[in-house]
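Some structures are shown below for you to check.
In the two assemblies presented below, chain A is common to both, partnered first by chain B and then by chain C.
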Partner chain A sequence: MRGKVSRKTIFAFIGPAVIGLALVGIAPLAYAIWTSLHFFNLTKLRKVKFIGLDNYGSVLSDPVFWEAMGRTFFLLGTALPLQIAFGLCISLVLHQPGLSLLKSLTRLSLVLPMATTYAVVGLLGQVMFNQKFGVVNQLLGGAGINWIGDPTNAFAMIIFWDVWQWTPFVALVLLAGLTMVPGEVEEAARLETKKKWIVLRHVQLPFLVPGLVAILILRTADTLKLFDMVFTLTRGGPGASTEFISLMIQRVGFRGFDQGLASAQAIILLIITIVLAQVYIRVFYKEV
Partner chain B sequence: MKLNRLPAAAAAAAIFATGALADGHGWSLKKAAEPYAGTTVDVVFLLRPGYEAIEAMLPAFEEETGININIIKHPYENALGEQVRDFVAGGDLDIALIDLVWIGNFAENEWILPIDEFTSNEALVDPDLDIDDFFPLVLNAFGGWNGTIYGLPFDNYSGLLFYNTCILEEAGFDGPPQTWQELKDVYGPALTKDGKHAFALQSKRNETQSADSFARVIWPFGGSFLDENFRSNLLSEESQAGLMFRQDLMQYMPDGIVAYDHAETVNAFAQGDVAMITEWSAFYSTVVSPETSKVADCVAIAPEPTGPAGRKPALGGFSLAVAAQADDDERAAAWLFIQWATSKANAGEYLERGGVPARVSAYADPALAETFKFIPALVESWQDGVPEFRPRFAEWPEITEIVQEWGSKIMLGEVSTEEGARILGERMEAVLEEAGYYSGDKPLAQ
Partner chain C sequence: MAGRPRKPLWGQAAVLIAILLLCVFPFYWMVTTSLKTHIVALEAPPAWLFEPTIENYREALFEDGVFKTLANSLIIAVCTTALALALGVPAAFALARFEFRGKRDLWFWFITNRMVSPIVLALPFFLIARNLGLLDKHITLILIYLTFNLPIVIWIVTDQFRGVPYDLDEAARLEGASQFRIMRSICLPLAMPGVAVSAIFAFIFSWNELMFGLILTRNDAKTAPAMAVSFMEGYNLPYGKIMATSTLIVVPVLIFALLASKQLVRGLTMGAVK
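Right after this comes the complex of A and B.
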C-alpha cells in the first residue's frame, strides 16, 4: 500500500508545510544565529563585524541576564504549581457525574481567560490594580495597596494574572486526561476504597501524566516567552522587579538596538527551553 | 479669537502670509509646490496635543500644495524603534520626527539631511523662513548636531512647575516655591496631609525616568551625566546631592511614584490629589480644560524651582527633518511641509490649537499670557536651558536604558545613591568606550 504512493504525492502533501516551516521558522533562526556571531547594532550598521562567540560570552557573564532568568523561573516555580493545583481541583469537580448543563457552561467559561489577548490582560490589570481607582483595592475595602509601584506586589500581580489566564488550560487538559480513565476501572477502584486520594494517586494519575508533561512543556515555554501582558502592565518595573527574560531580550534588541547581543540571548533561551523539554519528557515519562 | 472660528480665518491668514505675502518676494507656497503636486510624504506623529494641532491645520496645506501628508501615529515609546527600523530597511518615511536625544543618532547615521540643502534652493525656501526667529536654545538642541542644523523645532517643551493655587493659598502660601530646597522643606510638610501630596515627580522606568526624574534632579544641584572627558560625573558631590535630594523628596510624593508616567502625574494633579508637579508645557491644555481637570480654575504655572546651580529646567521636544532615503520630489515636498508647519505665519494658530511653537515672534504679544498662562515661564525657561540636559549622542538609546534601570533601583532603595551611581557610571562608560570616545575615534560631542 505504502509503495503505491508516489514521491510527488508525498511532496505535495508534506512539501508546503516543510517550506512554510523553513521560511517562518528555520530561516529566521539561522539569521538569528548569524546575527549573534556579529557585532550588529541597528544604529551602527557600518560597524557590523564578525566577533565569534563574544556575544555569548557577554550574555553568560552578565548578572542582569541571570537575574532576569532567575526571576522568570521563580515566576514559573510559583505560578505553575498553583495552576496545576487549581486546575486539578476544577477538573476533578467537572469529572463528577451529574449537573451536566452547569458543567457544560463551566467548560465554556473556562475558555474565556485563555481567549483573552495577553496585552488586553495587561491593560485590564493596569486599571483593576490601580492604587486609587482600581476595583481590586475597592473590593479589599479601600485597602489602598500599591500594586504596580511596589516590586513585591507587582510580582504578585503578575503571578495572579498568569494563574487566572492559564489555570483553565490546565483544567481542560487534565479533564481530558480524566475522561481517558476506563469507567469500569474507576468504578472498581471506588468500590475498593472510599479515599479519593487513593483513587486519584493509583488510578487517575497515571492517565494524567501525559497531559501534565504537555502542561509542563507548554507552560515552561510560555513563561519563558511571556512578554505582552507584562509589557503592558508593568513594562518590567518597578525597577527590574518584573523584567523577565523575554522583556530583557526585547529591551536589548529593540530599545538598545543591539540585535547581536539580543540574538545571543534568544539562542541561549532557546537552548534552555529545548533542554528543559527533554528533561521533562525523560524524567516524567519514565515514571509512568 | 474664538477657536471655532479659527479654521477658516487662520487658514486663510496662514496661506496669505506664506503665499500671497511672500509673492512680494516672488515666492509662494503654491508656486513652489507645483512640481510636487500629488507627491505623498510619510511622517511619524505622536499621540500628543501638538500633533493633533498640526493635523487639524493640514487640510489648508494639502489644498494649497496638492501634496499629501500621510501621518503614521505611534505612542512615544514606539516612535524611535519604528523610525530606526524604517531607515535601516530603506522604508517609506520621508520626514524624521526627532526627539532631541535622537538627533546625534540620526545625524551620524546620515538618515537625515541638513537644512542647507533646501535653504540654498531659492525655489524651495520661504523668504519668511527667518531661522533667527527660533529660540536659539531650542533650534540648536532639537534640530542641531555638531554645528549643523538638520531639523526645525516642531513640538517644543520645557519643564514647568504647575501648581494648584487653591491648595497653596489654603495652606497659607501666596506663591510657588522658588527653590527645590524650599519645595521640600517648607511646602512638602505643609501640603502632604489627608491623603494628598505636595509633589509628584513622574519616574516610570522608561524615558520618563531618565528625562523627567533623574536628569531633573542632577542638573539644578550642579551635577551632570558626564564630565568634560566624557567620564561619569554621577559620583560627584553635586550629582550625589541631587540624587539624595530626590530620595528625601519622595516622602512628599504619592506611593508608587516609580510607576508614575506622565498620564498618572498629570491626572493626579488634575484630580487635586497633588499640589505641584513639574511637567512639560505640552500638558497645559490638559490641566486647564474643565473636561479633563477638576482644578482647571486653580492652575498656575511658574518656571521650575532653582537649585544651588541655578534654574536648570528639563528640556525636551522634537524637530522635523527631511529623511535622506526620500527621493528628490519627496524631499522637496517634505521640506515644504516642514517649513510650513514651523513657519512664523502658522505659529499663532498652532498655539491656539494646543501646540507650542518655538518662534520668538509667536510670544511677542503680552496679551497672549492672559490666555496661555504657561507662556512667561516657558519663554524664561528657554533663555537659559541646558542643551545636553540628556546627552544627545548616538549612544543615548543604550545609556538611557541603563539610567532607567539603575535610577529606578535607587528610588526603590534597592541600592544606595552612591552604589547605583557607581554601577550606572561604569556601564555608561563601557558603552562610550565601545563607541570609541576614549580612543579618540569619535569627537566628544553631546
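Right after this comes the complex of A and C.
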C-alpha cells in the first residue's frame, strides 16, 4: 500500500525539521508576544512590567504605523505594475525567434540583478544617484537632481531599484509561461490574425496566469519584508518618506529601544501577512 | 516560422542590447568606482576614464578587516545551507512519500515561514541571543537563517521527490530496503537536481542577508554586508572603498549565479508555471 509507514518512521524523517523550525521560528514568536504585552524598553530594563494590550492600542491608533503600512502598499502598487509591464515586454522579445546568441546573453544578464546582495544595491544607489558626482545626473545631462535628499525623488529612486532588481524575475517567470504554449496553437493563431495583442490576450495569457499569481504573492511578501536595500540607500529618509513597515519596526525596536511597542507592531504585521496569504490562497488556489 | 519572409531584426536586437546594458551597467559602475582613488571618486561630473588603482581593495581587505567578514559570511552560508539540507531533505521525502494526518497543514506551515518578515523574528531573537550570550556568534546566524532556508529546501525538494516514480520505491521495498535506504540510495540520486537548486538558493540568500547580520553581530561574527554598511558612517564617505567591498561581496555570488543560471531559473519559475 502506498505511503503506509509507522508513526515512528514518519517522525524520524520529519521530526528534526519540525523541531528545528519550531525552535527558531515559533519560540522567538512566543517571546515576541510576551514582550508585546509588556512595557519593555532596552534602556530601562529594570522597569519591565505587564501592561496588557496597551502596546497594541498604541499601534492601532498610531498614524505613523499606518502611514508606513500605506507607504509599503503604495510601493507595491507602483513597482509591481511596472515590473509586470516591463517583464512582459522583455519576455515577449525573448520569446520571438531569431538572434539566439544575443538572446542567451540577455537571458544570462537577467540573472545578475536578482542575485545581487540587496544591501549592495542600496550602496550602489548612493553612489550612482549622488547629486554632485553621481552618474545618473550626468547621464541626464547634468540635471543636478537631488535624489536622496528629496522625499518624492527618494521614493522614485527606491521604485527604480526595486524595478531594476525584480523585473528580470518577472520576465523569466513569464517567459517560462510563454514557452508552455503549444507551438501549433500559437502558430495557428498567428495565421488567423496579424494583431499581436489578440494572440497575447486569447492564446498566451491563459498560460501566464499561474506565473502572474506566483509573482503577486512573492512580490507582496517581499515588499512587506523590504529592509536591506532601503536601509543602505536612504535609512527610511528623508524624514519618513521611504520608511516602509519593516524599517519602521526596526527603528522603534533598535534605535528607539522600545521593544514592547516594536513587538506589538511586528505581531500586527505578522497577522496582516497571514491574512493576506490566506486571502491569496483562497482566491487563487481554490482547489488546493 | 520557416519560409515566412523575415523582417529585419534590428528592432529586436536594439531592445535586447538595451536590456543587457541596463542589467550590467550598475555592475560596471560599481567596479570602476572601486578602482578610483578617493579624489577621483569624488569628481563631479564623474570620470569615465582614469588611472585605475587597487588601493581600495588592499585597504579594505587588509586594514579594515573585510577579509575576515567575507570568511564569516562564507562559514555561515555554508553551514546554514548544509544544516537546512540535513533537516529539510528527509522532511521533504516524508511529505512527498508518506501519508499522514495534518500533512497539508504541516507543508503549509513550512512554506508560510517564507512569507514572514524577518523583522518579526529579529526583535525576539535579539533579546534571546543577548540573554543566552549568543550575540556575535556564528551559530546564531546559522540557526536563524534556517527560518528562510528550510522552507526553500522543503518546497523545492518535496516537489522534486514527487517527480521520482513510485515504482522504484516499491521494488526496493520488496527487496527489504528500509525507508531511509530507499531515500538515500534510490530517490536522492534522482532528486539531486532539485537538491542542488535549493542549496544554491539557500547559499545565495544567506550570503546576501543584511538585517540579521546587522542586529546580531558586532565584531567576531560580523558578515560582509554588515561590514559594507559600517563604512557608511559620517560625512565624506569612502565611496571607492565601499564599492570595493561591494564588489568583493557581489562578484563571487554573481559568478556562482551565472554558472548555475539554468538551474536558478528553473527553481525560480518552478511552481510559477504549473
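Here, the second predicted complex is superposed on the first by the 275 of 288 C-alpha atoms of A that agree within 3 Å, B and C clash if a C-alpha of one lies under 4 Å from a C-alpha of the other, contacts with A are read in each partner's own complex, and residues count from 1 in each chain.
The criterion applied here is as follows: a contact is a pair of C-beta atoms (placed from the backbone, for glycine too) under 8 Å apart; a residue touches a chain by one contact, two chains touch by 3 or more.
Source: prediction; values computed, not measured.
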Partner chain(s) touched by A:T273 [first = chain B, second = chain C, both, neither]: second
Partner chain in contact with A:G70 - chain B first, chain C second, else both or neither: neither
First (chain B), second (chain C), both or neither touched by A:F254: both
Which superposed partner A:K44 touches (first chain B, second chain C, both, neither): first
Of chain C and chain B, partner touching more chain A residues: C
First (chain B), second (chain C), both or neither touched by A:P81: neither
First (chain B), second (chain C), both or neither touched by A:G57: neither
Chain B versus chain C as contact partner of A:P151, first or second or both or neither: first
Overlap of the chain B and chain C footprints on chain A, listed as residue numbers: 132, 254
List of chain C residues in touch with chain A within their complex: 1, 6, 9, 12-13, 15-17, 19-20, 22-24, 26-27, 29-30, 33, 41-46, 83, 86-88, 90-91, 93-95, 97-100, 106, 110, 112-128, 143-144, 146-147, 150, 154, 166, 179-180, 183, 204, 207-211, 214-215, 225, 228-229, 232, 237, 239, 242-243, 246, 249-250, 253-254, 256-258, 261, 264-265, 268-269, 271-274
List of chain A residues in touch with chain B within their complex: 42-45, 64, 131-132, 146, 148-151, 154, 234-240, 251, 254-258
Chain B - residues contacting chain A, complex: 80-81, 84-85, 88, 105, 109, 204-206, 254-260, 273, 394, 397-398, 401, 405, 408-409, 411-412, 414
Complex interface listing, chain A residues touching chain C: 2-5, 7, 9-10, 12-14, 16-18, 20-21, 23-25, 27-29, 31-32, 35, 90, 93-94, 96-99, 102-103, 105-121, 123-124, 126-128, 132-135, 137-138, 142, 164, 168-169, 172-173, 175-177, 180, 207, 210-211, 214-215, 221, 224-225, 227-228, 231-232, 245-246, 249-250, 253-254, 259, 262-263, 266-267, 269-270, 273-274, 277
